[in-house]
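Two complexes are shown next, each including chain A; its partner changes from chain B in the first to chain C in the second.
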Partner chain A sequence: MQPATPFVYYHCACPDFFQTSGRSVDASGSRDAANDSSSASDRQPYVPFGTSIATDTDFSLFPLSRLYFCEDCHQIRCPSCVQDEVISYYCPNCLFEVPTASVKSEKNRCARNCFQCPICQNTLSVVANPDIPPKEPGSPEDETKPSVNPYHLFCGVCRWDSQEVGITFEKPTSLAMQLQKSEDASPDIKEFDHLKEHFEKFLRYNTPQSLPTSFLSLSSSGSFSKMGYNTSMQNRKGNVARMDDVGEYKASEHIPHGDMDVMDNLINIQEDTTVSNLEQRFNQVYDQPYDTNQLKPQRIHLRIKRSKRCRTCRHILIKPEQKAQATRFKIKLVAMNYIPNITMQMLPRKTLPLRQNVPTQLILKFTNPLYEEISVTLATPQQHQTKGDQVDAPEDLRKPWGRVTLLSPHFTVGAYNETIEYDDELLYGKPSALSTPAAATWENGVYEKRNNYTSILIEVVPDYEGDFKFPLLVNYSYKSDEDQLDTGGYEDEDGDDDDDEGGQKRSQTLERQPEERTKTYSFWCVVGLGEVVQ
Partner chain B sequence: METPVIYYDRAEYIETDTGNKVSRKSVICGSQNIILGGKTIIQTGCVIRGDLRRTGGGHTVVVAIGRYCLLAHGSIIRPPYKTYKGIFSYYPMKIGDHVTIGEGSIVQAATIGSYVTIGKNCVIGRFAIIKDCCCIADNTIIPPNTVVPSFSIYDGSPGAYRDELPECTQELYELKTKDYYAKFTPRD
Partner chain C sequence: MSSDAFSSSIRPGSSSLYTRSHSIYGIEDRIVLDIGSLYIKCGFSGEPRPRHILPTWSRQRRSQASDGEAYCISSEFSELYELDMSTRSSSNYNAFEQRLARLLHDIYYRLLLADPKSSKVIILESPLLPVSIKQTIAKVLFQKLHVPSVSFTSAHLLALLTIGQTTGLVIDCGHLEMTVLPIYAARPLIPFTCSSPLAGRAMNARLRKLLVDHGRLILPSTLHRSIAPRTHIPQTLLTPDVIEDIKTRICIVSPVPVSGDSLSDPVDLWKDFSAATDLYHPIATTGEGKSWLFVPGWVRERAAEVLFENDNDDDQKSVVEAILDALCKVQPDIRKPLVSNVLLIGGTAMLPGFRTRLHQELLRVMRSPTESEKRHYSSVLRLHQYLTFADENGGDVFKSNVRAWIGGSLAGSLKTSGPEVLKERWNGTVPDWSTSVLNVGNATADVQH
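And now, the complex of A and B:
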């Protein structure tokens, strides 16, 4: 999963984990840490994830595109800090939106014409058998020979044919309906229905009048959970006694153990092409046949659209449009529209990989998505701890990564505005603009400052071979102008336009502040620069 | 990692009024049947078969490609064909905006939506439909008639659903294609 190529991962302060384990590292926490380090310069900024930075296993590090931003908590939120809710179900093949009410009865699979190949999982197509003429509507039904159905399923990839397993269709539509009978006859379905029937009386008695529609549940798991830990049930003690009245359950289906037969068959086969592989077996869960001749086409699983809430404050961060084919969002608070986007760039005529003990200069490019200029302060902990808390430091903190020098720890990044795009096209069109910026400007550690981005220089000296990565604390603040009301109004209009286009708001300052305020936020990220060679 | 500036030989590329950049070392057949939306790049060795069209009739659009698309080196665009009721015929292909088609990939889709990235050495089968905001990984074979729903990552042979793309895919791919176009500059 971990890319060998350079990357910037952002750290989510995952409140569920870091706060309950006594490590307070929310924005205010890390900001305090930063303030501490500036006031008492001998103290290191606290790295929430330790400094060994296992990017491949750390659950709190993500590329920016996977993160959300809660406007109410003013915090980055990662996929585990949001709560998913189902908005709609649809078939990924025919893109038909399945009403929530029928999802359960259709067993979360497409109930129309979509089947996957039991051999290669490709989508099957329905074809007419040219040898069998389709039944004519007027033809007499009392033919002596049994009528053969003219349609069957066919895989365009592996050429599997449903006639091999005796599945044919009378008509080329409503295929799932035509197979309903044989599906209902399968032992797992029958057993499940039997189980449901067995618990039905009890469940009906206890089921709350309305379950939330977005409940992620099988037909009755909501009620099952009530059996376990519903407080209202504990209050009504009479029901607890009823739980014992459910009665003993006896399986209705009895499938003889065929283990010896299966083994005999496996011993005697000459070619392995008739033995199913794991994926094929797992697609037919109830009997998982070893013999490919017993694999049946399965209806295609439905997919869902989800909305996402901040688990801390319950505000909605993502809300897609319900329609299966729509790709727009009513609400979309993604981190890349709120926090500085950091990318890496090599200096001209410099290439990776890094070399051990060789100082290398690199460019970190900060792009500002906000409508206000931001001022950025960077910090990175140094590995060479000369005094103090080395003994107390956790083991991973003592593991070094090399030296990182931020040549420009303080800088500003210009505000975003819509006309920037045109400038960029003009910029690269002119050959003069492509020449490297004057060396004089480098001395401040700023390589390039244009539009809504600033590129700064860093110097790294890797001490060891292996992956080189280092943590970076990014503090950024911005304030509203004096004529904020005017720009606020202007941005409001833009905000409305954006809403029409997809509900994304780029600016956080739409709420008007009575007095001018500086807002300060901070986050950690990990910059990876790939392998170090000797 | 930021994409570095990509230099090309000024003599090799024709730039149209709408900013399309088409390599002279590509094969564009039936150009009167091809529409390029603007700021689309067609690189060295690409083939677009605008000549494969339904027989009879007058002027038709065979291949329509949107804005800010990239047809990387050696990719091939061929309209899909089938025999329907005994008559063999080609059908038009439509490609949306901000679509990247990787090096050496062969595309015979019916439609490709906007904000789509197709990797290197892929085969997109006849009449495949790729919806908006999708990613087809390198070396993937999408069988004919496959529907790839939005926000999917497909890979393998036959291509199958592997993962979900993030909600900001549209912005990501838009930035990526615009950035590439801006940095695709002539060397002089």
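And now, the complex of A and C:
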């Protein structure tokens, strides 16, 4: 396992699902589900606890590149709390856009020429056998010669050949059609249809005309009521053909259990290269052969393009183009364009890894994507070791992770301006009107303030070995001069909050100012600094 | 030949029997999910096989390293849930819920490519599945995916449908536990369930122990592997997915039972009475060259013995004991139809030789029981003359690990299922035999009220 690299992950509280007031704000108006005893619906305000955050499996932490931002709700949305809708289906190999009717009839697989290797699941290519001439369309059928087809499939990665399993093709196109007959002849399909007929007969006799109550629903709820339901007990006399139980059934297909043959085979092998593994077997569910020689190529599975929607206000956040080849988006409301991007930098002449109990200073750089100047306030939660906290956290991991000091908890970041990228002086620059002189103002904790980013200093003292992570509450506000009808702001109670009440968000009605209003937003993020050594 | 009454539309151009019973818009199809602790079988009703079998630990993790980030990495082999969920802390509960939510999202949007809002869902359940797990499944489906309705149906009963019967003794050998459930005339006789933890996971533990004790590791060297130096296998090398790989590929169930007395070490007996050849399993270790795991033949043949060991312990019954116990519990008049229709389902039952060995062991106990067995099972021993495995008829048409799913698909296509919970009427609870009261329509219930 490689040591963890430094990162900054943002937390999405998924407020649609977890409202502490107990009312689900799901826009479809579903019933209040918080009345039940399960406490999972009543999530407490989130306060992450340093080392206990398992960032590789904590599903509420995301890098900035994965988050979306809903303008109307003025909130972060993560992939788990947006609603997906299908836009189009396409084959990842041939990039052909498949119409919806074909998708269902072909069972979500490509109906053209795309197959995947049964051994390594890579795409197969169609190869012509140079020795066999392709069939002339007008030539007479030669009865004496067995039909040898010139085309077959070949895997470029593991060098598997479809001739090994006896699959060859007459023409190099519409391969799926050529294999259709053998797919349909599978015995489990016939047996399934036979079973269906058998049970339909039984249900026809036993289901009263009024309600199609099923024999399954009564029995599985544990009741032992007679199967002939109360209503039909009256017409027992009239209904001659009632069956209390399904009659004898004779299977239409018989395949002898290949168990003992497989076992005889397995008993004598010395290497397991010809034995299939589970992943290969699950690609061929009806058969699940142990022998790799019986694995057949499967058609390639289709993929979908999805659009993503905010659950509360139903606005579309992401809308891709319908064509499979196009990678642009028609609507693209990503969090990168709305919330500050936080990155880290080491001071010159200092290096990672961090050392235990050694104070280290490093730089956090905040980049502002908005066209207005923002003022940022940072906070870290106070660390307790007591048990009486409201948040339920793993018991063994509540020790403080170390000491983090924010040398400048409050600062501003300049506005973004397109000319920044074009003006070399501003970009690389010498100090100009927009930036402050460098080393002299380190005492403010601000390392550098330029263009649309500000770098501040923080000092960390890790207490324990292992991965060092700490949570950070970021609250920023800016003056927006848009005219909006709703009060979109969520305000934190106090900028410098050092206790662990967490990201409580109370919406306040702000005074409506005709021209400009102050919008604030706050979110938690987790900053990881890699390993701590002795 | 197939039932025209139920095929809703004939699609132009497609002449296969298989596709005829689907409607173009898929409104009639229900989605059938068999959520196991290791694998989820998913697909549409009306189809004779599940579309996909998805491992529950796949694509759950993300990683970021100096050379890049990745989002759908398979995490370590781990079960989705445990059978004692109610005693776990709520943070583990949240982890289960989130993991299940991601898996179901993956199933709908990557594998089934279906809109969750348009199809009803049938979930297969085992009688001893904790109610909290069922509630979580319902919660994720209703709140996150907005399915219109969910119905929980007994997996054992559905499996019986695949042999055209509604009476039989169904034995589900899964990963976490093995459950025996007698079913008579489509009624699961839940009070007579027998279950035991001697299933897939127990076999993994036994295999691991045997490999640590008797297997060898051959590190890369210039010598041929039969003469290269061998060392003991370090425990860390035998990760759960290596064990699962070995179990599913090269382990078999020996057709030769050995009966030693309980005092002697069975290992010697196993070594003497096993026919399988030793095997070299390639394994990845750090360093150049190929490493091999030397798996002695008797280890791979006898690792499954744990499933048949009679421990005289009520909590850890062997398969045979569980079957006989269930038969003893049931009323005498229905024992004969039950024993004539014994059905094996579940992934662990797919081990080569399992069926044959189980049949053998059952017959042995019933025909020539030991003293303690005679005492316990005296009432059912003479039923050996009626013992038949139900799938003798159809044979191997449906595989054991998907048989319950296929039954679910059959039920869905016949428009029957367990009690349906509609999204509008869901209030957090799900119907379960342990919490339900007698049906109001029952005549005796009316009299009492």
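Criterion: the second predicted complex is superposed on the first by the 353 of 534 C-alpha atoms of A that agree within 3 Å, B and C clash if a C-alpha of one lies under 4 Å from a C-alpha of the other, contacts with A are read in each partner's own complex, and residues count from 1 in each chain.
The working rule: a contact is a pair of C-beta atoms (placed from the backbone, for glycine too) under 8 Å apart; a residue touches a chain by one contact, two chains touch by 3 or more.
The model shown is predicted, which means the values in this text are computed figures rather than measured ones.
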Go through the superposed model and pick first if A:T5 touches only chain B, second if only chain C, both, or neither.
both
Partner chain in contact with A:Q178 - chain B first, chain C second, else both or neither:
neither
Of the partners chain B and chain C, which touch A:T343 in the superposed model: first, second, both, neither?
first
In the superposed model, does chain B or chain C contact more residues of chain A?
C
Which of the two partners, first being chain B and second being chain C, lies in contact with A:R303: first, second, both, or neither?
both
For A:Q163, is the partner it touches chain B (first), chain C (second), both, or none of the two (neither)?
neither
Applying the touch criterion given at the start, work out whether A:V275 contacts chain B, chain C, both or neither, answering first, second, both or neither.
second
Residues on chain A lying within both footprints (that of chain B and that of chain C):
5, 66, 303
For chain A, which residues count as touching chain B in their complex?
5-6, 65-66, 90, 92-95, 120-123, 125, 156-157, 303, 318, 320, 324-325, 327, 329, 332, 334, 336-337, 343-346, 363, 365, 421, 424-425, 427-429, 431, 434, 502
What does chain B use to touch chain A in their complex?
1-2, 4-5, 115, 125, 131-133, 143-147, 149-152, 158, 160-161, 166-172, 178, 181-183, 185, 188
Counting only contacts in the complex, chain A reaches chain C at residues 2, 4-5, 7, 17, 24, 26, 28, 30-31, 33, 35-41, 56-57, 59, 63, 66, 80, 84-86, 89, 101, 103-105, 107-108, 180, 183-184, 186-193, 195-200, 203, 212, 214-227, 229-230, 244-246, 249-251, 253-260, 262-263, 266-272, 275-278, 282, 285-288, 290, 301-304, 306, 392-395
